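Notes to accompany the following structure.
Per-chain numbering from 1; labels A, B, C and D assigned in written order.
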Amino acid sequence: MFFRRAGISHTRYRDERQIWPLPIDRYTVFLIAALLLAAPFLIDRLYVVSYLLPLIIWSTAALGLNLLMGGAGQIHLGYGAVIGIGAYSSVHMLRAGVPFELAMIGGGLAAAAIGSIFGAVAMRVKGLYLAMATLAMQYIVDFVIIQFPAISGGTQASLPVPPTSFLGFPVEGDRVPYYVALVICGIVTLFMLNVRRTAFGRALAAVREKDYAAAIIGVDPFRFKLLAFWVSSFIGGLTGAVLSVCYYRTIAPEQFHLDLSIQLVAMVIVGGLGSVLGVFFGVALILFAPILLNQAVALLADQFGMNLPMDLRAHLPLMLYGGLIMGFLLIEPLGLAKIRNNIRNYFLVWPFRHSRQ
Amino acid sequence: MDVILLLELAVNGIFVGLMYALVAAGMVLIYKTSGIANLAQGALAMTGAYVVVMLASAGLGLPIWAAVPLAMVVMFAVGAGIERLALRRMIGQPVIMVIMLTLGLEIFLRGLLPGVFGASVKRLDIGIPNAPLFLGELLVSRAILIGGGVSLALILLSILLFNSRFGIIMRAVSDNQTASWSVGIRVERAIAVAWGLSAAMATTSGVLWGATQGVDWSLSLLLIKALAIAILGGLDSIVGVLIAGVVVGLAESMATGILDPIVGGGTRDVVASVIIVVTLLVRPHGLFGREHIERV
Amino acid sequence: MALTRRTMLTGAAVAALASHLPVRVAFGQDRTVRFAFMQDFTRIYTFVTSEYSQGQRDYITLVNGRGGVGGYTIVADISDHANDQPRAIEAYERAKAQGAVLIDPLSTPVARALVPRALEDQINMITAFSGRSDAADGTAFPYVLPLTPNYWTQAGLLIDYFKQQDGGSLQDKTICFVHIDTPFGKEPLPILEKLAAKEGFKFLAFPYTPPGNDQSAIWPQVRRARPDWTVFWGAAVGQTVALTEAVRNGLDMSRVSSSVWLSESDMEVVGKDQTVGVMKVEPCVSGHEPKIIQDILTEVVAAGKGAGPQDKVGTSYYNYGVMLAALMVEGVRRAAEIAPDGPVTGPWLNAGLRSITAFDAEGMIPPTTITPEDHQGGGYGRIARWDGEKFVPQTDWFSANQDIVWQEIRKYSEEFKKNGK
Amino acid sequence: MALLDVNSVEVVYDQVSLAVKGVSFEVPEAGLVALLGANGAGKSTILKAISGLLAPERGAVSRGTISFEGEDILPLDPPSRVRRGIVHVLEGRKVFEHLTPAENLLAAATMHSDRTMVARMMDHMFTLFPRLAERAKAKAGYLSGGEQQMLAIARALMTRPKLLMMDEPSLGLAPLLVDEIFDIIVRINREEQVAVLLVEQNAVAALDVVSHAYLIEQGRIVMSGSAAELRENPDIKEAYLGGAGTRVDYHAVKHYRRRKRWLA
């Protein structure tokens, strides 16, 4: 049943550099795309609305963050704030009557502008110090949103999203928001898959590996880091718009706090830095493990009549969740994408495990 | 704005800053040996405080002067055990993955302790009276004074530790683990000791903070402030942490006193953030962090 | 991009199966009413949730043990949303799919985020002591029901009590308000400012940064302002630290108060004897005296069906849980009176909840009347003081400053009506 | 009995790729032996297998034995191997950059509890390498390449080894310095009776000092012999020693192929 790479030998560089060099991969991608498109008609709305939709939106955001973290090697602990800027700018534009398509771009641009200002400031520092500088961005943006009622929406600090439409379809109910998010996610995914094959992607890789070495070969690290901040913040802002319109429908400052930033960083790392596919795995794990573990524990406790103390029963999923993150990293410290690759490579060369040199 | 108030805020700020610095010093201890930022430091403080509560009031009923040292011993073992069971297998792996592992540990501990010992806030009485203490017109809080003093003493002790022969080994390990192995340094043991000491220090912080706010999961939130102070100080410098702690404590206290009434909002975290960003712009490796030596 | 065809096929099969999992429970088959108690057991609200939930479940066990209400039995689904929005939305959608007609998120951010969904899906959302204060206006928020005095009312009650204590006038007095710097903490500000203008007292607000574990720079300022009254407004550690700092700064405890968020466990943490005199707003009777609590002790706890440790029965937050569960069950009773055969839907229960009249839970809560206009139930509460062992009521149930509160409620609900839909 | 005996060792990275394929060789007591070979031939991997430093790079010895003084050392962790007397000077020096030279030396003396002896050994190192004494206060990261190499050797000697393994000591150094380093290696070998296992690409320098050498190519030993024999081998001459004096007949295809194999 499994497939081999046997018989595929590339004769041109173009073939080798294809995104999906194996036909089976291409077919699988088409199949998954088709399944995602048909999902609202195939599966229960509960799974579309509260699993697939957040998976798609969070993946879009995590892809944007991965451009910065995996692509350019810049850690960012304020990505939640970037998404928040996008969300608040686009919702305010919508409330002012701007069409959603434009408000989405506007949110992206606002996030990109503010995000790259912070990026420029943070450019002097590296590694954990950069993490701290971006964390400071998170605090400053949080502060501004909370302290200015004009932004946060008054004493109630919640801003309802007015009804709107996307390319003529009213964004309401279960299906249209899903498709809007899917389209945006698809575009961002294709962009991320291709970016590594462009001069921009290669320049980023050079900057990531050693920025002063990159400078020597004529890649301006400052320019490309800034560009990476810009693009990544733009994607973040775009996601913020999608997130508020298609998923939250009412936005509040808590939705864009440090928790979101840490969650996204965790998704990218657990998935595998720099891996597009890994992002989806990471998002699925971090987003759904707590929910599913909760249901599993509740189910087990009910089915088998385990009389656990309430506190233990409530906290058991949290323990399992932490254990799961640790477990995956202990099994494969390079992330979920690497686990998949290991298994895939194992099958690709099976049963000649030492054949590839 | 009267002088007494400013003075009071300054004294409070400095001592609270010292208490934060103690949490940060535990992070530095681990960073200095293994080069990773331990995101479970706050959770370790929480764990330590839970252990003290269990040994003292709620559990075995030991007197507090016996419970705290005993808890520190227990936590030393816990810290070393964490290194043995989890971190050791990650040696040589990308740093960011190891940091992520500590975040997993943080989540795990935050589930384990409240799950097993109960989520409700627990009282931790270390016998410091709350009654106000006036020095002239100046009011200082005994708890903060004692907490800051204990923190200062422990931080000074760890500075001494780093200048000993064991300190040289720890620094060598943080510099290059493979090279340390190659000359016979027991890297794992050094890191395990660092984790143990760090967990014991975290216990002290957990007790000092838990005595004021009570013991529950929220003690793990100390992490964020500790991380900020550790990075401002330079991540691998205990002296840096000491100074950064005082600077941040002072600035936050002053901001609360002076800026809050003007702005009408809690400026504490923002002011601290701005200080950190500005400092990092001037000194990209924190106040006392070592530079990255780059040779092509 | 799946690993192999086999896993792909398995995956597809699993997905197909999963999509047919019995998430939907057929409506109206058996006579049950489904409540979804999706609450935060593991994050911000840990200080209250386990006791609150215990109270709710014990009361529902009591009711079901007596054969239900109006011919219906209550099913309560407990889940943990950890104050996290995606998890809360998942829990909400699951509850909706399972046919729940009422949700109780017990979290301000979650309640606020779920408002559009609850209104659209016509599911009754209980936002007791949380959520939007302006949801008291039933015309704007038909399916959002606080059922309890909101924060504006609580602030109004406190100021009125201070006024009574100071001989009917607060002219030239100083009132300090120490609050957590979040939307929840800032909420009473407009009411307090209005009352300051009306009553002529000097009003000073001191925000502290969440979570409030360090307030050492706040309270010296409060002490120096020489307040006649001090109100501290927060939750969890913010409350215990505020109390500790108040003690350390030598404030007169009998002139310090908080909202409904103060419990025996906070006193335990700070030191029971050090906080004698501190006040709180009480929305219901605490302790073991109410008849309902006695019934729970004999019929539920003694029968071994209690949902948690027995020593928690009768704590403030436990009784809040019982109070809310009693109001919800009363809603079911009224609904069953109006339409005995259902069908059990959101609007069915909504009609019941909005016709609760002078319900006092056998003396446990102030007589509460919910109308389609007023979801707050009249805004009754009382002030209680800590005597070292328990909270002792200082007043009878009373309501105060509702005119100003309602001005504010209308102001925001009008705005919501205009922009929200 | 040889001091070090490596017997058909195989090394696998990531549990998939085989980097060393059945290598056997030995180092006699106080001997001076070189492993020669091109980049990526697997020489460094062999050294790491002996010192136990494969694990951090996700490598493992999957087959074969390594014994030191007759004892199987594969089950031991790296620090225990150092305590047995094997020390490994890593490729690219790898001094502790943020420590001073003196601290570098001290850090390598963890196995000696006798403090006066440690102090004596440090003095000895500073006399052996006077340049280090001059820069004792600087951070090691700021030393020049040659000084760092000396520090790395001195640091290794602080462990009192019986076998000193050196990975590319001449890498990136000026020819004069290379000579100096090799002189030191010879002196250590003669005066202190420390066996040396040298890994080099610079075959000219290496074959001048060693007594015996092995040629490694793509993870296999393809030739071995005394230094003199190897120096005279026409293929070695052609490939590594600059082809001095011999003219190669390119029509001799067999010969060419054999030569090609090493160059690959």
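Quick notes
The working rule: a residue touches a chain if its C-beta (ideal position, glycine included) is under 8 Å from a C-beta of that chain, and two chains touch if they have at least 3 such contacts.
Quick caveat: nothing in here was measured; it's all calculated off a predicted structure.
Compared with subunit A, the chain whose C-alpha mean position is the greatest distance off is D. Counting C-beta pairs in contact across A-C and across B-D shows that the higher total falls to A-C. Averaging Cα coordinates per chain places subunit B and subunit C 35 Å apart.
Subunit B and subunit D have CA centres that are 43 Å apart. Averaged Cα coordinates give subunit A a centre that lies 46 Å from the centre of subunit D.
Multi-chain contact residues, meaning those touching two or more other chains, occur in subunit B at positions 110-111, 114, 119, 264-265, 269. Shared contact sites, meaning residues of subunit C that touch two or more other chains, fall at 41-42, 50, 181.
For subunit B in complex with subunit D, the residues that touch the partner chain are 91-92, 165, 168-169, 171-172, 175-187, 290, 293, 295. Interface residues of subunit A facing subunit C in the complex, by the touch rule stated above, are 1-3, 20, 24-25, 28-29, 31-32, 35, 42-47, 49-51, 54, 58, 95, 146, 152, 154-158, 160-163, 247-250, 252-255, 259, 277, 287, 290-291, 294-295, 298, 309-311, 314-315, 317-318, 340, 343-344, 347. Within the complex formed with subunit A, the subunit B residues making contact are 37, 86, 89-90, 93-94, 96-98, 100-101, 103-112, 114-116, 118-119, 224, 227-228, 231-232, 235, 263-265, 267, 269-270, 272-274, 276-277, 280-281, 284-286, 289, 292, 294, 296. Across the interface of their complex, subunit B is touched by residues 75, 121-122, 124-126, 128-129, 131-133, 135-137, 139-140, 143, 146-147, 212-213, 216, 258, 262, 266, 269-270, 273, 309, 311-312, 314-326, 329-330, 333-335 of subunit A.
Residues of subunit C that touch subunit B in their complex: 41-43, 46-47, 49-51, 181, 205-211, 213-214, 216-218, 220-221, 223-224, 236-237, 240-241, 244-245, 247-250, 265-266, 268-271, 274.
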